[in-house]
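Next come two complexes built around chain A: one with chain B, the other with chain C.
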Partner chain A sequence: MNRVFPLAILALAILAFATLVLVVAPGLQVGAVGPTPGLQPYTAQQLRGRDQYVSLGCVYCHSQQPRSLAQAPDSDRGWGRAAVASDYYYDRPHLLGTMRSGPDLFNIGARLPSQGWQLTHLYQPRAIAPWSIMPAYPFLFVHKDKAETGDVVVALTQNYAPKSGVIVARPEALDLVAYLQGLKHDQPPPASAPRDAGYDRGAER
Partner chain B sequence: MNGQNGQHRSDEHFEPYEEERGIPAPFYLGAFGLLLWGVSVFIMDREPVMPLASPNPTTGGQHLPSQPPRALGQPMPALAADPAALAIIAGGKGAAWACSSCHGLAGEGADAVPRLAGLSAAYITKQLNDFAAGTRVNDSMRVVALALSPEERTSLGAAYAAMAAPTVAHAMLGGDLKRGAQLATAGDDAKGLAGCFTCHGDQGLGVDPDFPALAGQPAAYLDQQLLFWTSGLRHNSPDTMMNDIAKALSDADRRAVSDYIAGLPPPDPHAIAE
Partner chain C sequence: MALTIGSLLALSFVISLIALLFLIWGITGGQFDVDQRDANIIFTADDAVNHKDRDHRFDTEAAGIDEVSRGPVRVLIASAILWLVLGSIFGLISSLKMHWPDLLDQWAPLTFGRLRTLHLNAVAYGWSSLGSLAAVMWLIPRIFHTPLRFPRLPLYGAVIWNAGLAAGLIAIALGWTDGLEWLEIPWQIDGALAVGGALFAIPLIASALSRQVNHIYVSGWYFIAALCWFPVLFIIANFPYVHSGAEQAAVNWWFAHNVLGLWLTPLGVGIAYYFIPKIIGKPIYSYSLSLVGFWGLALFYSQVGIHHLIGGPVPTWLVNVSIVHSVMMFLPVIAVAVNQHVTMVNNLWALRDSYPLRFVWLGALMYTAASLQGSVEALRSVNTIAHFTHYTVGHAHLGVYGFVAFVLFGFVYEVGPRLVGRPWPWPALIPLHYWLVLVGFAIYFVALTVGGWLQGKVMLDALRPFADSVTLLKPYLEARSLGGTLMTLGHFIFAFHVAALFMQRAPQTLARTAA
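So, the complex of A and B:
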């Protein structure tokens, strides 16, 4: 180690170059991008639901980034068009996710808009799909003898319904469902939107 | 040997003589060329990409007679439906969620949710029975269908057949609409494909009772069903007819025909009744 100084300079230069290419350049590219026309900001309830989404760890199994047809058949799965940067305008931080143990949820609000379906599915996914590997979230619900005014009762098949009384959604469950219902990114993307088009060249459209 | 080793140890900074061999000039030339090429590719690649979704909701259907859109929830005095069926549509029943919570208040559908308004009563009832029997596979609809009695399935079919709703569908898969129009109207002789409208009726408005209306169904739903026909997951058409047709469609053809049909004006039971 008799050339510490030049080595240090080189290491710093490599780091600086990486920062420039991986942080500064993309920042300049997407930093000035506004929201997709027609995209609605989250309501207060949806933001509380978003916190639930984060704290329950949904992001570990569900992505929020449909890919273009050249990369994955996401639109054939009904997951919607490929996401563009402007779709994430109101997401801080974004919840892109890296795993797809479950389906992509970026357009779940357009695909499964039913509050009732979402509540049943959160209470017990196996009540709908017996093969589902998603965890159940019974702690978002409460067992009552009788539904009171304003209570949202969960629709359940006989084998999952309680012997007596009803299952009622807690506010946390309603917030989370409101957030899921708001996940709709089916607006036409701006034509000039920067997007990962690296694989689209020459692919069939 | 020993003497030399000793000498090395004593001189920490000893470096054996080595001839200076500079990096050859062509290397710099190559590296600079690669850099220029990379930068130019990056800059050239920023041209806008063709938008995936068509901004015009009825692209592909302009040559067909247009129908005035109806407001959501407009009363339908001529074709009053069974109140019990309407209650299930609006509020659900037992383990069945409200139909309208996914299919829309007027049965207009959504991105990947089929439009029900104006479909034939016999077709809707048959699908509900197939969901319950497991001959059409869909986990959510199985739960719904099993919660309904056979009579309720029939009256729901009649209620939706009498409904009219404006279209919410539009081309969204980036399909070639000209090719889609050709497949829908004339088919493709080279592939042995008859046009969709040969069976599904003029303008895709359906032929009772076996051929459902296709016009105005969401593109993503049509695309997905054609895929299910291809894979055999859906197999409830007479004589595997739809399976054979779907298998003959390429990926691009499937998206093209789905996009084209999605843009067509939907069936209007009022127009037929009047």
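So, the complex of A and C:
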């Protein structure tokens, strides 16, 4: 090969073709599908909580894409039905994730709906699950001598509680929990919504 | 929907036809002719004559031609190594946190989710990218037989790129991120990396156009393609407010795998294609085979990204396209492997003499291994187990560390003395670095591969609680930290040695050389 421009143009043409197949085509197909019927947009507080989720990098250990029972026992673990594209209608940025150092969270709001549980778990995961390797997020909380009106106090067992005073959730922690509580994707999926059905034998979509 | 898919199929048909016409035109015009003799253009008259004598000898002929590119290459190597050291520290702390979760948990910038991201961005866009660009700038005069054109542009490029990356890492540490894996640097800052990338592409293309040999050596194909691809990829993927939801996930992984497949891989393969035959002093085994490797990489690697979403909320056909292309990657990978490894195996004696060659060839070997592993990992049956586990982390490091970093270590050791005109101040540190990172990485890779596989098996077993997949990993994560510590130590030694070489005063070294 002795010419620069044919080389560069062909290389760019191949990339353009790949972009067409992997970006434009799915964009058109997925973009044509609206939200899953019954899926609620995020509230302002949930969006603030989602920003916390993004900024703290929760996505690097928690996926949000349960797989079908034909592939994996995700729904047996209470992680929810197989996700379809329309479940993500309101998601920007997407948080599908590629890692399950911790469990899938796409239906955490249905599986563990308690605000108190979530706050304690965020403050110190090992106060609830001694085997957990999740980071603690003490900076989302504040240590006070005494709770004031409107404060949400974190319930802690003796070995994790401060010697005196109380641990109170900061707004960031409350927002994050509101987001987690809202993660429920149990609406019946529309038939037209795409999903990789490669594992569902005879169920070509 | 049928209409959309139909029109896309028609469009892809038209594009294939145009590409075919291009190919026919290229073949008839002799554009794609490669001759085994072309493989010799990387050698100078006195090469291959006396290999053993050549180590650490300053090449006077190259000295003239390197005059203008020496500065940019030094700056690029120095900043790449700085990012390597920083990135290793971030990576090591992240690794420790996975088995000591309460370590350093009082401050948000030090939380796992941010440190891990800092690690990825520092080593991918700092060390690997800038290190590879240093090699490209160094090799341009050698493969084109002419001094680097616009030699100030790479300097500006390095400054802009480094500033953008530093700003990006600070943003991530403070919690300002785009939130997409491999695309975390806020798009407002990303422009710096795109502009920086273009500032390296211009001198490359200009030098290629004014080259003093007719033929473009195979490394040049990879470099030209990679530097054309990167700015395009980076701009499309980072363009804000276009994508959301599941569709954005497809864009995310289209980019994230292309930044490996169309950026770091062609750079690394191109560098190995130069140094393996150059250090041995014999041309590569089959020069025409390298054509298959190059075009195969371009065609197949550009469409593998969606194998990261197997079983996910994206269309089945899209996943299948990526799986098929992942498997097709066998073709270019085997072509490159035959070329590089047969050349090496025919000249194994050279490994004894040259640590740079050991690094580069081992890197090339790990490229072959990582690629074959990646093709198999994309199969649905394997992916079900390996996806979402540390197995994938091990695989990613086999590619980006085992391959790219090893090739770059070899590059720095090979050219360092030629760059400054002095020998390495403490040659014994080179084998020390080599064995530390080799043993460290072996521990790292085996631990995550075995541990990740077991993790995947447990997660697929409905009768075992999720907690089992966490507890069983603990010893493997500890072993990973051990391996990572050895690797990081190796990097400290490497950084120290390069700093000593660059900052050494000339008179001292003259005495040393004379002695």
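Following the convention adopted for this analysis, the second predicted complex is superposed on the first by the 191 of 205 C-alpha atoms of A that agree within 3 Å, B and C clash if a C-alpha of one lies under 4 Å from a C-alpha of the other, contacts with A are read in each partner's own complex, and residues count from 1 in each chain.
Everything below uses one rule, namely that a residue touches a chain if its C-beta (ideal position, glycine included) is under 8 Å from a C-beta of that chain, and two chains touch if they have at least 3 such contacts.
Remember, predicted model here, so these are calculated numbers, not experimental data.
**Student:** First (chain B), second (chain C), both or neither: which does A:H94 touch?
**Tutor:** second
**Student:** For A:D76, using the defined touch cut-off, is the partner it touches chain B, chain C, both, or neither? Pick first, second, both or neither.
**Tutor:** Touch status of A:D76: both partners.
**Student:** Output check: A:P194 vs chain B and chain C. Expected answer is one of first, second, both, neither. What do you get?
**Tutor:** both
**Student:** Kindly classify A:V142 by the partners it touches after superposition: chain B alone (first), chain C alone (second), both, or neither?
**Tutor:** Neither: A:V142 stays clear of chain B and chain C.
**Student:** Scan A:V153 for contacts with chain B and chain C and give back first, second, both or neither.
**Tutor:** neither
**Student:** Pick one for A:P113: touches chain B only (first), chain C only (second), both, or neither.
**Tutor:** A:P113: touches chain B, not chain C.
**Student:** Applying the document's definition of touching, compare chain B and chain C: which contacts more of chain A?
**Tutor:** If we count touched residues of chain A for both partners, the winner is C.
**Student:** So, does A:A129 touch the first partner chain B, the second partner chain C, both, or neither?
**Tutor:** Both: A:A129 reaches chain B and chain C.
**Student:** For A:N2, decide between first (touching chain B), second (touching chain C), both and neither.
**Tutor:** Both partners.
**Student:** In the superposed arrangement, which partner chain does A:D186 touch: chain B (first), chain C (second), both, or neither?
**Tutor:** A:D186: touches chain B, not chain C.
**Student:** Just which bits of chain A does chain B share with chain C as contact spots?
**Tutor:** Touching chain B and chain C on chain A: residues 2, 68, 76-77, 129, 192-195, 197-198, 204-205.
**Student:** Taking the touch rule as given, give the residues of chain C at its contact with chain A in the complex, in rising order.
**Tutor:** 1, 4-5, 8, 11-12, 15-16, 18-19, 22, 26, 30-34, 97-99, 101-102, 105-108, 111-114, 116-117, 175-181, 205, 208-209, 214-216, 221, 224-225, 228-229, 232-233, 236, 243-252, 254, 258, 262, 291, 298-299, 302-303, 305-306, 308-316, 318-322, 380, 384, 387-390, 392-393, 459-462, 466-467, 469-471, 474, 477
**Student:** Sort out for me which residues of chain B touch chain A in the complex.
**Tutor:** Residue list for chain B touching chain A: 13, 45-46, 48-55, 92, 94-98, 101-102, 110-113, 139-140, 143, 146-147, 172-174, 176, 220-221, 223-224, 227, 251-252.
**Student:** Under the stated contact criterion, what part of chain A meets chain C in this complex?
**Tutor:** Result: residues 1-4, 6-32, 54-61, 63, 65, 67-68, 71-73, 76-77, 83-85, 87-96, 98-103, 125-126, 129, 131-139, 192-199, 204-205 of chain A touch chain C.
**Student:** Show me the residue ranges of chain A that touch chain B in the complex, using the header's touch definition.
**Tutor:** 2, 68-69, 75-78, 80-82, 107, 110-117, 120, 127-130, 155-158, 161, 186-189, 191-195, 197-198, 200, 204-205
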